[in-house]
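Down below are the structures I want you to see.
Here chain A shows up in two complexes: once beside chain B, once beside chain C.
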Partner chain A sequence: MDLSTILLVALAGSVVAPFVVARAGVLGGPLAAVLPAALFAWFFAQIGAVGTAPIVEVVPWVPSLGIDLTFRLDGFSLLFALLITGIGTLVTLYAASYMAEKPAFVRAQFLFYILLFMTAMLATVTADNLVALFVFWEMTSLLSFLLVGFQSEDAKARKAALQSLLVTASGGLALLAGIILIGVEAGTFSIAALVANPAPVLDSPLFPLIVACVLIGAFTKSAQFPFHFWLPNAMKAPTPASAYLHSATMVKLGVYLLARLDPVFAGAPWVGATLVFFGGLTMLIAAVQALRAIELKAVLAYSTVASLGTLVMLIGLDGPVSSVAVVGLILAHALYKATLFFCAGIVIHATHETRLRALGGLAKLLPFTAAATVLASFSMAGLPPFIGFISKEYLFEAKLESSLDTVAVTIGVLVNAVMVAIAGVLALRPFFGRPKKAFHVEHGEQPGMTVGPLLLAVVGVTFGLVPSLVAYALIEPAAIAIHGAPFDVSFKLWHGFTPMLALSGLVVALGAVLAWFWDPIHLAMRRRRAFDEVFLDRGYDLVLGRTLALARWSTNVLQNGDLRVYAAVVSATVTGLLAYGLLAGEGPVLPAIAGEPVRPYLLVVCALIVAGCLVAAAVPSLVSAIVAVGLSGYGLALVFLLNGGPDLALTQFSVETLFVVIVMAVLLKLPIVARSSRTTGERWMDGALAAAFAACILVATLWIAAKPFNPELTEYFAATAVPEGFGRNVVNVILVDFRALDTFGEIAVVAFAALGAWALLRSGGGSRRASKGA
Partner chain B sequence: MPSLILTAVVRIFFVIMLVGSLWVLLRGHNEPGGGFIGGLVGAAGFSVLALALGVEAARRALVLHPVVLMGAGLAVAFASGVPGILTDGSFLTHQWGTLAGVKLGTTIVFDLGVYMVVVGGVLSFMFRLYAEDAV
Partner chain C sequence: MTLVYAITIAAYVGCGLYMMLSRHVVRMILGLTLLTNGAIFLIFFSGRIGSSMPPVIPQGSDALSADAANALPQALVLTAIVIGFALTAFAIALALKAYRSLGTLDVREMKAAEALGAPDAPSSSQTVTNHG
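Here is the complex of A and B:
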C-alpha cells in the first residue's frame, strides 16, 4: 500500500471509529485501538525498506504553484510515525477506560479527536512539501484546541484551549510566511530538495527573516521561551490527551521541523547559537518552574518543557553526535513521559487529588502504577540501564564535542540534576511517602489503563539493556536522516569511563541532594512570587487584553449604530484612498476630450441624472427622494445602453427597480416626511464629503479616459468566447465560464450577505413584536 | 393600501415577469441576459406579488423558503462544476454536449444556480421587510 492510501485509511478509520465506539460499549476502546495498532504494524513493516532508501510518493495537488502532496518516509519520519501510532494505540485504550463512566457520546467524541489528531500528526511528519506540511501542522493546532478544551464546561479549560490555539496558530502564520519566503527564494517547497541544495536559501538576503519566521513557528509549537507558558496551561486537557500531546505528538512538531531544516540552517552558525540560547533559557525556566509546581501534572508539564528546550539546544549544536542525541532523547522522552502521564492520570482518577504534596502511600493501593512510575522515573533520571541513560550520555557527548561546550554543559548539568530530583520525587512521594490522609481508591487499576504505562516502562528498560534492538533499525536511519549525511552511529549502553559518565554521575549526585531537600526548596521557591511575573502568561494576558481593548474602542468609534457615521466613514475612506492614488500616481492629467464628438442625446440624459441627484438632496419627502434617486439610476442605465453595454444596462434597470421596491417596503414603516436631525454644520460636512468624492471620481474618470485603451483582454475574450465558451454573449461567457470560480465566490457572498440581513431582520421583527405587545 | 387596480393586474404582471426572467436567463449565453439579471427580474416579480397580495401569497407562489432556494442555488452552481473535475480534473471547466440538435452545456446549470441564489437572496429579506410580523 502507498503512504497516501495509509493516510486515507487513517482518516477514514478516524471518522468511522466514533460510531463504533458509541455502540460497542466496553469493547469500544479495544475496537478503536485496532486502527492505530494496524497503522503501527504497517509502519513497523517499513523499517527494512526505509533503512536502505526513503519511500517517496508524489500526489499532484496544485502543480501550477509547485505544491504537491509529496509524502516521504525516511528514518526520522518513521521514528515519529511509530511513536505516534504506537503510543496512539495505548492512548486509545487508556482513554476508553479513563472515560468509561462518561456517556457513550462523549467517549466517542474524545476518541474521534484523538484519532483525527493522530492522522494529522502522521500526515505532518510524512509530508515533504512545506506547504502541505503547514496545512497538516495547522490541523494539529485545531485538534489540540478541541482536546485541551474538551472539558468545555470548565472556564479554565476554555481559556487554556484558546491560549494554545492563539499561540500556536499565530506561530503557524509566521511559519507560513517563512515557508512562502523559502519557496520564493529556493523555487521549491520540497524539504528534500532544500537539504540537497541549501545555497539559494542560505545566500538570500532574506535568510535572517526566513529563519526568524520558521523559529517563531517552531518555538510556539514546541513551547520554547517566550512562548513556553501555553504548554503547562494545556494540562487542563483530559489526561489521555495530555499524555499524547506531551509525549509523541504536537509539541514535538516544532523540534521535528527544526531538525528537518537543520541541514539547511547549519550553514549559518548564528542560527545554531540562537537555538542554543533559546533552548538553554527554556530549560532553565522550566527547571525553576518544575521545582515550584504544585500539581502533579504541572510538574510533568514543566519537565516536558525542559526536555523540549534540551532538544532545541541539541539541534543548535554542531556535529553528528547531536543528531544521535536528538533522536535518542525523542525516543526516550516519548516512552517515559507517556508512562508518567498515564500513571498520573491513574493516580488522579483514583484519588481525586491533583497536588503532588498531598499524595502518599499509594504503592499498596496501586501496585502496577507504582512499578511503571518507578521504571519511567529511572529512565527520566537517566539511570542505567534505562534508555534515558543512553540518551543522556549522548546528550553530554554532543555538548562536549560542540563549539559551545561550557555553556551547554553547565546548563545541561543543572537542568538534568533538577530532572533527576523531580523523577525521584515523582516516583517516591506519591507511592512510598507517608500519606497525609487515608486515601479511598476508586476504580482501582483497570487493565485498559495499566497496560499502556507498564508496556512503555518495560520497553524503556528493554531498549536500555539491549540497545541493538533500536540502534540499527531506528536510531541510525533517523540520525542520518536529520544529519543529512551517513555516519557511523554506535548506540550502546556502556561507553567505558568517559567524561560523559563522570558528568552523569555528577548529575545524579546533585539530583539526589535536590530530591532529599525537595520540600524546603519547593516551599521556598513557591513563595517567590516574582517568578510568576516573569515566567507565567502575564505577557500573553497583556497583549490579549490590549488587543481586545483596541477592538472595543474601534468598534465604539466606527460602529456606533448611526448609519450616517458608517456612510461617512466609508465615503471618507474611499475618497482618501482615491485621492492618494491620484496624487501618488503619475499625477492627475487633465486630458483633451475635445476629440470626442458631442452627442446631444447624452447631454440630455446627463441633465436628467444631475437633476435627479439635486432633487434627492433637496426634497424633505422620502418618497420624492426615492423617485429622484431612481431617476438618476435609470439615467445611468441609459448611458450604459447608449455606449454599448446592454448587459450592464439591463442589470442597472433591474437593480433600480428592485431598489425602489425594497425601499418602498422600508418606507411603509417610516413617516412620509422625515424630521431632519442634521445640524447645519453636519449638512456642510456631508456636502463637502460628497463634493470631494465626486471630484475624485471625475478626475479619475478623465484620467482613465486619457489613457490609451488596452484592447488585449477585449480581443482575447471576443475571439475565444464562441470557439471555447460556445456563447456569443461575451459578458455572460466570462461570468459563467472563463471566470466561473469568481462568480461562484460572488454568489456565495451574495447568499451570505442575504442570510445576514435575513437574520438581522428577524431579531428586529422580534423586538417590534415585543414593543407592540407592551 | 390594497389597490383594486394593482390587485387585478398583479397576477398577469407576475406571470409575465417570471416568464420574462426565465427567458432572460436562458438566452443569456448568446444575447444580453443571464442568471444574475434574470434573478433580479424574477425577484422583482415575486416582490410585486408580495406588495399587492401580501407576503403569504408570494411565499406560497415561491413554494420553497427563500433561504432554502438560496442554498439550493449554491449547491446547483457547485454541482455544475463537478463534471469538470471528473473529466479533465478541473473544477468548473464546463462540459458541452448536443441534445436534439441544440448545443447544451453545464454553463446553463451554473447560471440556473446563480439565478436561484439571486432570487432567494433578494426575497429572503424582502419577505421579512414586507411582513407585518416577521416570521
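Here is the complex of A and C:
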C-alpha cells in the first residue's frame, strides 16, 4: 500500500469508527483503537525503507498552479507519524474509558474528532507541497477548535475555543501569505526542492517578509511569545484531547515547520538569532507562569509551552548537534508529557479536583498511575537513565556548541531547573503528599485509562536504557532530514564526564531546591499580580474588543439607515476611483482648444443649461427647481438641434415637456413646501463631493476630446445604411435595423416601467390614514 | 467650444449629484434627471460635435456625405433619452406611492426596511402595511 492510500484509509476509518463506537458499547474504544494501531504498524514497517531514502509520492491536484498532493515520508516525518499514530492509539483507548459514563453519541463524536485530527496531522507531516501542508495545517486548527470547545455548554470552553481558533487561524493566514511569497520567489511549493536550492528565496528582497510570515504562522501554532496565552486556556478541552493535541502532536507543528525550513532560513544568521530570542523569552515566561499556576493541567500546559520554546530555540541554534537535540526532545517530550497528561486526567477523573495543592495521598488508590507519573517525571526532570536525560544532554551540548552559548545556556539552566521542580512536585504531591483536607475519590485504577500512561512511561525508560533502539532507526534519519546533510549521529546514555553532565547536575540541584521550597515560592509568585497583566491574554482581549468596537462604529456610521449617507459613500467611492484613474499613470491629456471657432448661439444655450442646473440645485422651492430642470432639458434639446440631431431634439423636447407636466401633476398631490432636509454643514459636504465629482467628469470629458477619434463604426453605418438597411435616415436605420434587438429591449423597459407605475398607482394606494390604522 | 461643452456636462452631473444627495425624494428625482441629461450629453459629445448637417442620405446618393453629423451616438442617445424618461416616470410613481403609504417624502422617515433587518428590531408590528 502506498502513502496516499494509507491516508485515505485513515480518513475513511475516522468516518466509520464513530458509528462502530456508538453501537459497540464497552468494546467501542478498543475497536476504534484498531485504526491508529494499524496505521502505526504500517508506519513502523517503513522504518527500514525510509532509512535508505525518503518515500515520495505525487498525486496531481491543481497542476496548472503547481500545486500537487506530494507526499514525502522521510526520517523526520516518520518520527512524527509514529508519534501521531502511537499516541493516537493510546489516546483512543484512554478517551473511551475517560468518557465511559457519557452518552454513546458524545463518545462517538469525541472519537470522531480525535481520529479525524489524527488523519489531518498525518497528512500535514507527510505533505511536501507547502500549499497542501497549509490546508491540512488549518484542518488541525479547526479540529482543535472543536475539541477545545467540546464541552460546549461551558462558556469558558467556548471562549477558549474561539481564542485558539482566532490565534492559530490568523497565524495561518500569515503563513499562507508567506507560502505564496515563497512560491512566487522560488517557483516551487515543494519543501524538498526549496531545501535543495534555497538561493531564490534567500536572495529575494522579500526574504524578511517571508520569514516574518512563516514565523507568525509557526509561533501561533506552537504557542510562542507573544501568542503563548492560548495554549494554557485550551486546557478547557477534555484531557485526552489536551494530551494529544496540546502537548504531544499539534502544537509541535510550528516547530515541525520551522525545522523543515531551517535549511532554507539558516542561510541568514539573523533568523536563527530571532528564533533564539523568541524561544528563550517564551521559556522564561512559561517557567514563571508554571510556578504560579494553580491547576494541575495549567502547570502541565505551561511546562509544554516551555518545552516548545526550548525546541524553537534549538532550531535557531547552529550546528548539527542541535538537530539531534530537537529530534531527541520531540520524542522524549511526547513520551513523558503525554504520560503526565494521561495521569493528570486520571487524577481529575477520579477526584473531580483540578487544583494541584488540594491533592495528596493518592498512591494507595492509584498505584499504577503513581508509578507512571514518577517515571515520566524523572524523564521530564532529565534524570538518568531516562530518555529525557539523553535529550537534555544533547540540548546542552547544542547550546554549548552554538555561537550564542552564554545566553542559551543561562536560560536553559534556569528553565530546566523549574522543569525539574515541576516534575518533582507533580510526581510527589498528589500521590505521596499529605492532603490539606479530605476529598472524595470516585474510583481507583481503570484499565482503559491506566494502560496508556504506563506503556508510555515504560517506553521512556526503555529508550533511555537502550538508546540504540531508537538511535539508528529514528533519531538518525530524522536529524539528518532536518539538518539537510548527512552527519555522524550519536545518541547514547553515557557521554563521560563532560560539561553537559555538570550542567545537568547543576539543573537537578537547583530544581531540587525549588521543589523543596515550592509552597512559599508559588504563593509569593502568585501575589505578583503584575505578571497577569503582561503574561495573560489581556492583549488578545484588547485586540478583539477593539475589532468589535470598530465593527460597531463602522456599522453606525456607514449603515445607519440614512439613505443620504449610503448615497454619499457610494458617490465618494466612485469619485475617488475616478480621480485615481485620472491621476494614476501619466495623468490626463488636455485637448488643444485655442484655435476652435466659437459658436455664439450654442454658447448662450450652454450658459442656459448651466444656469438651469445651478438654479435647480440652489432654490428651496420645488416648483422653481422643476422649472429649472425643465429649462436645462430644453437647452439640451437645442444643443441636439444645432448639431445635426433633429430627431433627438424632437424626442428631448417631448420628453422634457412630459416630465415637467407629470412632475407638476404629481406635485399637486404632494406637500408643496419642502422643509430643508439637510443641515448647512451637510449641504457644504455634499457640495464639495458634487464639485469633486463634476471636476473629475470635466477632466475625463476633456481627455476624451484629446484622444484621436476612431470613425470606423460611423463610416460603416454611413456606407451600409442604404445598400443593406434600405433607409436614408441613418439614425433610424441603426435603431430599427442594425441595433433592432437593443431597441426591442428599450421598448420592453418602457413597457415594464409603465406597467410598474400603473400597478403602483392603480388602487389609489393605501391612504396615509389607512396605513396608520393597520 | 470643447471646453464649453465639457463645463456644461460637468454642471449637469455636479448639480445632479448634489440634488441626489438630498433627503427629499422629489429633489432626488430631479437630481436623477439632471444626471441622466449629463450622461446623454457625454455620449453625444464623445461622438464629436461639429457638423450641423443631419445624418440623412440625400436621394440619388448611396452613402452619407463625409461632413454629416455622426449617426451612431445619436442612435445611442435616442435610446438613452427614452430609457431615462421611463426610469424617471417610474421613480415619480414610486415617490407618489411612498407618500401615500408612509405620509412622508423624507427618506430619514422611511426606515421600515432597516428596522426589519436589524438584529434587535422590534417585532413585525412596526412594519408598515401599505394596503388600505
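Simple rule for what comes next: the second predicted complex is superposed on the first by the 561 of 774 C-alpha atoms of A that agree within 3 Å, B and C clash if a C-alpha of one lies under 4 Å from a C-alpha of the other, contacts with A are read in each partner's own complex, and residues count from 1 in each chain.
In this section, contacts are C-beta pairs under 8 Å (C-beta built on N, C-alpha and C of every residue); 3 or more make two chains touch, one makes a residue touch a chain.
Since this is a predicted model, take the numbers as computed values, not measurements.
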Chain B versus chain C as contact partner of A:646, first or second or both or neither: both
First, second, both or neither for A:139, with chain B first and chain C second: neither
Which of chain B and chain C A:726 touches, first, second, both or neither: first
Contacts of A:451 with chain B and chain C, given as first, second, both or neither: neither
Contacts of A:273 with chain B and chain C, given as first, second, both or neither: neither
Which partner reaches more residues of chain A (counting touched residues only), chain B or chain C: C
Which superposed partner A:735 touches (first chain B, second chain C, both, neither): both
Chain B versus chain C as contact partner of A:658, first or second or both or neither: both
Touching partner for A:666 - first (chain B), second (chain C), both, neither: both
First (chain B), second (chain C), both or neither touched by A:750: both
Residues of chain A that lie at the interface with chain B and also at the interface with chain C: 646-647, 651, 655, 658, 662, 666, 728-729, 731, 735, 743, 750, 753-754, 757, 761, 765-766, 768
Residue numbers on chain C that touch chain A, as the complex places them: 1-24, 26-27, 29-31, 33-34, 37-38, 40-42, 44-59, 61-64, 68-72, 74-75, 77-79, 81-90, 92-97, 99-103, 105-108, 110-111, 114, 128-132
Chain B contact footprint on chain A (complex, rising order): 646-647, 650-651, 654-655, 657-658, 661-662, 664-666, 668, 725-729, 731-733, 735-737, 740-741, 743-744, 747-748, 750-751, 753-755, 757-758, 761-762, 764-766, 768-769
Residues on chain A engaged by chain C in the complex (per definition of touch): 561-564, 567-568, 571, 591, 593, 596-599, 602-603, 606, 609-610, 613-614, 616-617, 622, 625-626, 629, 632-633, 636, 639-640, 642-648, 651-652, 655, 658-659, 662-663, 666-667, 669-671, 674, 677-678, 686-687, 689-691, 693-695, 697-698, 701-702, 704-705, 709, 711, 713-714, 717-719, 721-723, 728-731, 734-735, 739, 742-743, 746, 749-750, 753-754, 756-757, 760-761, 763, 765-768, 770-772, 774
Interfacial residue positions of chain B with respect to chain A in the complex: 1, 24, 28-37, 40-41, 43-44, 47-48, 51, 66-67, 70-71, 73-74, 77-78, 81, 91-92, 94, 96, 103, 105, 107, 110-111, 113-114, 117-118, 120-122, 124-126, 128-131, 133-135
